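Per-chain residue numbering starts at 1, and chain names A, B, C and D are given in the order in which the chains are listed.
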Amino acid sequence: MATVLAQPSSTHTPSLARRFTEIRNTTVGITEGLTAEDQMVQSMPDASPTKWHLAHTTWFFETFILEPYGDGYKPFDPRFRHLFNSYYKQLGSHPLRGTRGLMSRPTLPQVHAYRAHVDNALLAILEHAQEEVLKRVELGLHHEQQHQELLLTDLKHALWSNPLRPEPSTEMTDATAPSAMRWTEVDGGIHLIGHRGEGFAFDNESPQHQVLLQPFRIASRDVTNAEYLEFIEDGGYRRPELWLSDGWDTVSAQGWNAPLYWERCDDGGWWQFVRQGRKKVHPAEPVCHVSYFEADAYARWRGARLPSEQEWEVTAVRMPSSGTFLEDRIFHPQPAQGEGNQQMFGDVWVWTSSPYIAYPGFRPAAGFLGEYNGKFMCNQLVLRGGSCVTPRSHIRPTYRNFFPPHARWQFTGLRLAQ
Amino acid sequence: MATVLAQPSSTHTPSLARRFTEIRNTTVGITEGLTAEDQMVQSMPDASPTKWHLAHTTWFFETFILEPYGDGYKPFDPRFRHLFNSYYKQLGSHPLRGTRGLMSRPTLPQVHAYRAHVDNALLAILEHAQEEVLKRVELGLHHEQQHQELLLTDLKHALWSNPLRPEPSTEMTDATAPSAMRWTEVDGGIHLIGHRGEGFAFDNESPQHQVLLQPFRIASRDVTNAEYLEFIEDGGYRRPELWLSDGWDTVSAQGWNAPLYWERCDDGGWWQFVRQGRKKVHPAEPVCHVSYFEADAYARWRGARLPSEQEWEVTAVRMPSSGTFLEDRIFHPQPAQGEGNQQMFGDVWVWTSSPYIAYPGFRPAAGFLGEYNGKFMCNQLVLRGGSCVTPRSHIRPTYRNFFPPHARWQFTGLRLAQ
Amino acid sequence: MATVLAQPSSTHTPSLARRFTEIRNTTVGITEGLTAEDQMVQSMPDASPTKWHLAHTTWFFETFILEPYGDGYKPFDPRFRHLFNSYYKQLGSHPLRGTRGLMSRPTLPQVHAYRAHVDNALLAILEHAQEEVLKRVELGLHHEQQHQELLLTDLKHALWSNPLRPEPSTEMTDATAPSAMRWTEVDGGIHLIGHRGEGFAFDNESPQHQVLLQPFRIASRDVTNAEYLEFIEDGGYRRPELWLSDGWDTVSAQGWNAPLYWERCDDGGWWQFVRQGRKKVHPAEPVCHVSYFEADAYARWRGARLPSEQEWEVTAVRMPSSGTFLEDRIFHPQPAQGEGNQQMFGDVWVWTSSPYIAYPGFRPAAGFLGEYNGKFMCNQLVLRGGSCVTPRSHIRPTYRNFFPPHARWQFTGLRLAQ
Amino acid sequence: MATVLAQPSSTHTPSLARRFTEIRNTTVGITEGLTAEDQMVQSMPDASPTKWHLAHTTWFFETFILEPYGDGYKPFDPRFRHLFNSYYKQLGSHPLRGTRGLMSRPTLPQVHAYRAHVDNALLAILEHAQEEVLKRVELGLHHEQQHQELLLTDLKHALWSNPLRPEPSTEMTDATAPSAMRWTEVDGGIHLIGHRGEGFAFDNESPQHQVLLQPFRIASRDVTNAEYLEFIEDGGYRRPELWLSDGWDTVSAQGWNAPLYWERCDDGGWWQFVRQGRKKVHPAEPVCHVSYFEADAYARWRGARLPSEQEWEVTAVRMPSSGTFLEDRIFHPQPAQGEGNQQMFGDVWVWTSSPYIAYPGFRPAAGFLGEYNGKFMCNQLVLRGGSCVTPRSHIRPTYRNFFPPHARWQFTGLRLAQ
């Protein structure tokens, strides 16, 4: 496990217990107002029910910490070991991903009891925990924060999939007008990429290493809905020469003609579905819920390209950056405004042009924790920055998110480079 | 609509109101003990969630009676007209069948409120209802009874699909030993088939008509588990010459080697899943959850055949018949024992050799109610008799149930003929 | 095998040899003008390449006659036993049906050599053949005639599937104007159905048996293109209430809006593809290449229905009947014109309302020949009469052809009843 | 187009005509001995028929040179423009890829006539051709060489897919014993990658650019069959922890347990299918027909990894390298033996760890030729080196071949790095 955490710190035990409680409570907090039925929907195989997220994050602590290190720990229900395993092959079999919506049992109250059982046991051993346990708890908390975002993302899709979607909310505030887009010039040369070792990072952010970049230009902010609408109106979804071959096949097969969750109003404008209902597409907000295929086609149509993940990271690390956190604001109630490159963090994940592969010298963790990241390094693209549903403490410049190029139910947008 | 009900009776208004209340309450009664989550599972596209059955049966009364005849009736929620339409094309579109499990909303309490709203409105107009309304209420009640059986059948499949299946119950009583199977000889000649016109019947049971039958022999009772096990042990599932071509393709593709819900015990015997848990396969009980393909192959292996629906009906009408109602007994708490042909009613539906087609002179009802039966007359086989989850008052000798030949999640068995 | 042939005749050995040679030559004759490439196309899994038909019909004689009865017979190539088995499970495995188009080897000349090898061996043993051999040769010849029709039917589909379709032929003669459609009244009562035992018949045409029919009316001729066009123009393909449920699903999924092989001309009229090219849809010709779903919907739209197979047979046997043999005329160069019910034979196969099931008392032949007919008695409908590509000597009033309800690449049309 | 060819040379007109004739003749030469039927097989959607390759390469010259530049050129058949378009969307529609095996027409002789027609017209204009035409001819010849390899690769798969596979050849010579594998150390630092501009290169090999590499070690030769067998025997195909997640899904779904074309002998050894028949797997030959998933899993099992494309190229350019050209030797009759890194060229394509993306500053060619390479830059991995069926003059150190990670019908192997 040591290789997963770049620099473990053994002195933060008290704050770890406090953070454990806070983060675990946050997860439950974002399910407030949802019925047990809402929390059971699996609207597509890629998405998971809310209840499953609640249980799986608990399973992580039970399986990787309480079972090996919790002296005399008695599992809440031995069958959960199999039931809430997501994909760890070395732990044995797991249910087919697409059947998570069939689990009426355990019930939601039972899952909450499971959470309490594990939380109590974990807090008990945390007081006198050895180094390895602390590291694993830290990892488990970051794992839980990932699932907080996934939970919100999957829930949005679940509510949208129901013919009885939430009613429109009229209280939504408008986004402020975007600043004009400027190009930021960045010099070429040798840059340092990857996590430097202070604080937590996933194994895939290491080792830190040098890369040689050409000089490049990167946009001062993300592409807006208004800009993306020009692409739509110019026939962008009907012109094969703008698309990757796989992208065009997807557009044709799926009948895409706008980002996910958009639909035309009667007056010719566009609505978009948000978790609380629907609202008019605001021209100043960053475009969201586009796939890599769409991001790439848009950039080609503009005569630009997507930045590589290295270009994005160099920009984010070296420049004063801020986020405006427009749509959802679950984790970002006070949008930061500032100079510099806007929206590097916390509005939308931006697709980079970089396939998700290992950094030079990367070695996954030993044992089953090695299945966390490395085994997905194929047919995925790196996303950077974090979105409005990413917990703020979970965002950092070296963070590497990844999804396949057709995915668009995540909060994904783009930024141009040249 | 007049053609749907063979002989409407305008004098039973009081009893109709009482029966309406009874049958509606029965439906809710059989969902007792189930959580809202249990009632939302759709384990395969052919099956529907319990909550959907509760809503759809209500939709039937609202759409076909309250909307056209309920003076000033205000729909509970206008969107339900679309949402809980099962397949009536003339009523406009309906959600894809396979997405019924995504409907976290309306919630279960909302569906119960919907039921109460419709029940009250319907009872109010029933007092002074015209003939056509009475007929439609009668039809709606039989429709509801059909869904009581489907609800129990689908629920069994839902609970079985969950890795956390109900725990075995140890209280189950054994079936009594079966009588020896005898052949009943029936003379050939002209027989009368179909509903004679007293009491309710569906349109597909009419018109009553004459058929010319060859002399035949029919078994005195259904095929038992013990008899079916001989077929399994003789390699029945591995011998293509015993099967219809489509049947063999299904066996091969699905890997069938026993009835649905059966699994081998460690001691070489067999368990079967029942709604309350699992129990040993009892040799004396009628075999259940076999497809037409399996029923047909078994009969061929025995050197016999399945009866036609006419042969079955002639036997059931003319001979003293009884049911033993073994497994579930929801609707049949006191198994009737008697002479004559056992198990004609209320144990398992028996597959007949008859494809489901129209009787000579059949005309479906005018308007959307004509979509009730006739449009399914293709690629289905007729089943007769009713099962242990068929409401007793819903069973009659002329009743024609129908399913495609591969279906086996219904309570379906077989009886031999020669 | 005895049960397959209703009444074998042991005295026609000389004519059998002559007929054998004639029928085998006819098969090769209808492939004249086709390249080896044309003869290798498999345009869909349901259709087979011409070369495969040439080989499979030969395999039938080799497998069922020469191997068991050809004393000292040496197979042309032992691997062909597996290679050209169509579906006889008792003979072991066979290649997946959809891969027949991959068999570049054996080459066409090798298949012709295979035919010559088998023909010579078979003629040699025919001189002193025992009864069983004669019966099997007879069966093999009828099997070959079936494949002559399938070959032409599949070839039409293959040529149509090629973007370079044959050029239009301008020499096609028009059909004569159809007579007005009249209704023929037929009395009810007990009728005799099935093959009486003189001459060859397949096992599924026996045993002859009595049926009780209601009085009915049947059209004097098949439905014409002009009549079917009225259905199209009345929105027949867009009105779900006219269709069986499975039929409507098929129409929606496949985008059907006319019979197979039809396409609209620029002037709003319709072309149809025929094997030699394409020609204008002629209003007087019987409509062809419609599925059972379309035939059934058309009849419903007309306020009529399809005849049962018994009704059709009673009409064909008792009334003077004739065919006009319009489109293709491969086997019917001189269209017979006459009084009585036209087109009972040799224009298009007509869909009946009868699912394909066993006659009362039917027993399939023992051994692998029992796989010929009986195992397909599920999810198929009976067709009667024979088409313009059915060899004339292969047509008889009791013949039961069968296809699933969505099939329409066969030469299939319809006739109304009431 | 200018950007496609890094450095066009206008002075080699005579040799271009000669090379044109040679390369065009080579294509036809490798189809000798194949029947028209062999040349029509499409054994899977990814593979194309031989006849299609013959026509499509001709279509390239006709469409991109003769139509725009061949003054007064009359197309051989205007329908071919659509028919033999592979994927160029800007040229309009094209037939579905999976239907190429249905084209019995045009016949093989017609395709040969098409080739002659285009060859004559092209040679005629070549004498006084402008610069752009010369560049496009050069591109067309490299395109044709690519298809020579694809033709041989697809043909192997087609012959293997036929139950009547070619008989084993006994004349095959054994490979010589491999040298022991050594690690070659390469220094880190800044290296130059990409085509320098002399001679032909595809657009995706440019622009030449600097990269910063870490020090690395690379194997002196490819992984052999003997080495790969150790992986198989160690349960490599049954251990999920060795595989990428998508790889394991593929192994499970496809039932892979060895490279493509391998099958176990009765004595426990292994056969492999080669185009002329089958032969024993030779321990000293490089393993071939493995997917990226298998190459990656093998490397992980060995405690090593695959080289990046940059590492491979740096090794190939700077070190004395040679190929041994083991299996097929169509284009490499005299295997070169030498010191240095063996098998860099001409034995098997080696999978690199590099996803196929654009080089920094890459711009695809303008117009439809821009569809040649760039639009496939997604979900593919780079392969380097060329195989025994790659034309020798088509091999160069900067060449970037690419296939998706599950593909294994190409001649693909691997080399280890650390």
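One rule holds for everything that comes next: a residue touches a chain if its C-beta (ideal position, glycine included) is under 8 Å from a C-beta of that chain, and two chains touch if they have at least 3 such contacts.
Everything quoted here is computed from the prediction, not taken from an experiment.
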Exercise. Name the chain whose C-alpha centroid is farthest from the C-alpha centroid of subunit B.
Key: D
Exercise. Please compute the C-alpha centroid of subunit A, do the same for subunit D, then give the distance between them in whole Å.
Key: 38
Quiz item: Distance from the CA centroid of subunit A to that of subunit B, rounded to the nearest Å?
Solution: 47
Self-check item: subunit A and subunit C: spacing of chain centres that average the CA atoms, whole Å
Solution: 60
Quiz item: How is the touch graph of the chains shaped: line, ring, star, complete or other?
Solution: ring
Quiz prompt | Touching pairs among all chains present in the structure | solution = A-B, A-D, B-C, C-D
Quiz item: Which residues of subunit C touch subunit B in their complex?
Solution: 87, 89-90, 190, 209-212, 214, 240-241, 243-248, 292-293, 353-355, 357-358, 360-361, 370-371, 375-379, 405
Practice problem: In the complex, go through subunit D and note every residue touching subunit C. | Solution: 35-41, 43, 79, 82-83, 95, 99, 101-108, 158, 161-164
